[in-house]
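Input: a single structure, listed below in structure tokens.
Chain IDs A, B, C and D follow the sequence of writing; residue 1 opens each chain.
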């Protein structure tokens, strides 16, 4: 009887191909519960993404989701996780980049248009800024909300930020529409 | 003309009824309770931009076409009532009239006046 | 005053009062029928709490409408906004005046025709008053100064005039057969020559389709399509003013049903009634009942269709009107002319 | 500028104002958050030219409850009730999705009976969610009657869910290592009655809409998206399968023993609203098939792993035995400690791929929990599907995407 988790089909070869194509780009590889996580430098994320999408062996044609994780007390502040899936080959891979402080990472919306909202969400809730994103606005929280609530140092009890100045519109749709 | 008097009378009665209903309701109905009641309906958020702007021309196109064809219908009615007496000549006269209108109609159709996107 | 005028006025007043009483009751109970029938179609119960079988529900609704907040929002164009419900409601009540609900009856030593006004161009009167409704709808939508209302009003006016055209041309077939615009003539012609629906089926179907559109009923309820335009042209109306739109819709349904009956189903005609040899008044009562039955049948179809079909899209609706019904109506006129010229009818 | 002057007047490009003069002003309209057709608090800001949609901008977040933040302070079991509120039309399958991710993190294998019951839960949730989608979708296009017929069937399912879990909407049925309780007596037979009766109802609903001319006109060719676009936009579930991509996690990455069930994955051809409608309709039929198979093979035995570090001991043992009392106390106060690591596990929820990313730093609560909700991702396709169409088409597009705001906003 097999376990409740999926039959591990980790695409180890994808990591090898990545290493061949971008020497030195595979900084770290972790395998846990049949999932492979590859740490790559943030500067080349778009090139790597495009390679993994277009290479017929890897064929990661779908970006499942983009997630941001905030860390305290490490030599990096953010991890941005790209969960890739290949519809054609049926395997998954997790790419990871690390950011410090105010660093930005290039948006992968040009590779996978489906990255649009997940990246906005990572920006909104975690505070990761994506360079070159077509429409990097807050998506869940109100436009004028000052914090990024999924940071580990965010005060769950709520601070003075919750009080909005009188007369401010929470979500100024009209102004946004002008840029459409 | 005496035949038409009841219609006028009914018009008066209907107007009185409408007035009575509205009047009675304005006497007994509840007053608006808050400022929110009086705000324009915009799906629960503030108005993005005021109404009263120019609207797309397509609707006016429909109105123009309607006028044309309603005139046609208006001509058809008296013709239809005496159609039996007019016989074949009357039929051809009306066929020519409708034919001319139909050409215009087909022109509008081909030019896309009746399309919506 | 001229005694004839006095007599006509008195007679008409009684008839109108009777008519209003009946028609307002029918409107009220149509809401009940609509809700019960829809419940029946949808496998649920419908209103059944107020009175036996929920029969007093319309009364409760009426009282509620009367006491509801009558909101006049500050952003509307006030005179038109206040007038618009009446502009829809009044013509809706007047249209019926030329429709005969039965033959003449002998009462108090006088022969009384069972209609309010027997005029020689009744069809035109009906069409004239029916088109008045467009003003109410368009003005209600415009004066509300709300986007949904405006869109609903414009959609509605375009829809009403488009289908009015098809309807008007479909009726031409009936006029050609009868040679008169008087509704009593149309009925008597059908009594002697058979119902129009039998040999003018395309015209009949166009008329009924257009009637659905003219009364804004599903599948043509785009003007108030709630899932698109919230409530269309009456978004900003409340209380009694809102209820007048509602009542006008039902009044128009009744008129449209009565008109379809009169033009195509022989009006109050009951085949084979003459052979029974009933006394005149009894026969008249039977015929009035037959008329009511035919109208009720149409009303049921209105309700039935509403709770069965999805809604058209706007361009599909306009296409059906202009590119479908209008050419067919013209072809129908042609067809009827051939029949009439050929001596068939 | 000089170029324009150099040209003869007739050669000059038509200034854009002329076009505007023909079309009138565009109008910016809010559709939602409080609108009859937006399935909750979705707000779409539209720019309309008459009836034509020129631009759509979705605004979400009106239902944001900070679930991912809340999870950082919860033990793994404590977060189960929050998953009920994700796709609140299919809470059972959310429970399963979350708990499978946790069990993957902890490398727990649950007993066979629990796995079959979880399959049953997922499929009940799928039928119930699809029924609601069908009812409201039809209501959006004006066919009100379908709505009530689907709700009658959902009522049967909700009664089943209620006697199974104690709650109709807030089921919270799964626990790390198993389920909160076993099937009540006679429950399987009641479900069997439903699976026997339900296909007839589906045929009825099918005959109300599938060949209805107006319905076809309203949905065919509306909101069309090609297979490659759908994949690029990260669409999953019925929205992707409507475009002809046979991606179903129950087949490609089976969980809870789905590999042992026989069922088909329906796909569309055109990728329009009508195909998405057909796909969901057929999925309900397939769900009935799966339910029948699951009922036929339901094994006896435990519904949770027998490990005091993971599941609570029996109540009567807690009250009589010191050892079990301590175990219960430890589990409730300390929770289950996760290993160092991160996992992502997804299931085929009614709306598509519902995935949970869990990052554990060895604590009793996740360091970071991210919910990959299918509605959130597929909602970004609204713009692509609706712009250029008519206002009425937008309604059909939103209805055919089947977003649930509880899941979009989290």
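The criterion applied here is as follows: a contact is a pair of C-beta atoms (placed from the backbone, for glycine too) under 8 Å apart; a residue touches a chain by one contact, two chains touch by 3 or more.
Everything numeric here is computed off the predicted structure, so don't read it as measured data.
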{"item": "Central chain (distance from its CA mean to the mean of all protein CA atoms)", "value": "D"}
{"item": "By count of C-beta pairs in contact, the leading pair of chains", "value": "B-C"}
{"item": "Inter-centroid spacing, chain D versus chain A (mean Cα positions, whole Å)", "value": "22"}
{"item": "For chain A paired with chain B, centre-to-centre distance based on mean C-alpha positions, whole Å", "value": "56"}
{"item": "Gap in Å, rounded to a whole number, between the CA centres of chain D and chain C", "value": "45"}
{"item": "In chain D, residues with contacts to at least two other chains", "value": "27-30, 35, 43, 45, 51, 390"}
{"item": "Contacts with two or more other chains, residues of chain C listed in rising order", "value": "147-148, 230, 314-315"}
{"item": "Chain A, residues touching no fewer than two other chains", "value": "171, 173-174, 177"}
{"item": "Chain C residues touching chain D - in the complex, by the definition given at the top", "value": "38, 41-44, 147-148, 151, 155, 218-219, 221-222, 225-228, 230, 307-316"}
{"item": "Contact footprint of chain D on chain A as seen in their complex", "value": "1, 3-7, 32-33, 35, 37, 61-65, 67, 69-70, 81, 83, 87, 90, 92, 94, 112-118, 121, 125, 138-142, 149-150, 152, 154, 156, 171, 173-174, 176-177, 180"}
{"item": "Partner chain D, residues of chain B touching it in the complex", "value": "42-45, 48-49, 51, 53-59, 116-117"}
{"item": "Footprint of chain B on chain C - complex, ascending", "value": "4-5, 8-9, 12-13, 15-17, 19-20, 65-71, 73-75, 82, 85-86, 89-90, 93-94, 97-98, 116-120, 123-125, 145-148, 150, 154, 157-158, 161-162, 164-165, 168-169, 172, 175-176, 178-181, 230, 235-236, 239-241, 244, 314-315, 318-319, 322-323, 326, 330, 333-334, 337, 340-341"}
{"item": "Residue ranges of chain D in contact with chain B within the complex", "value": "22-25, 27-35, 43, 45, 49-52, 388-390"}
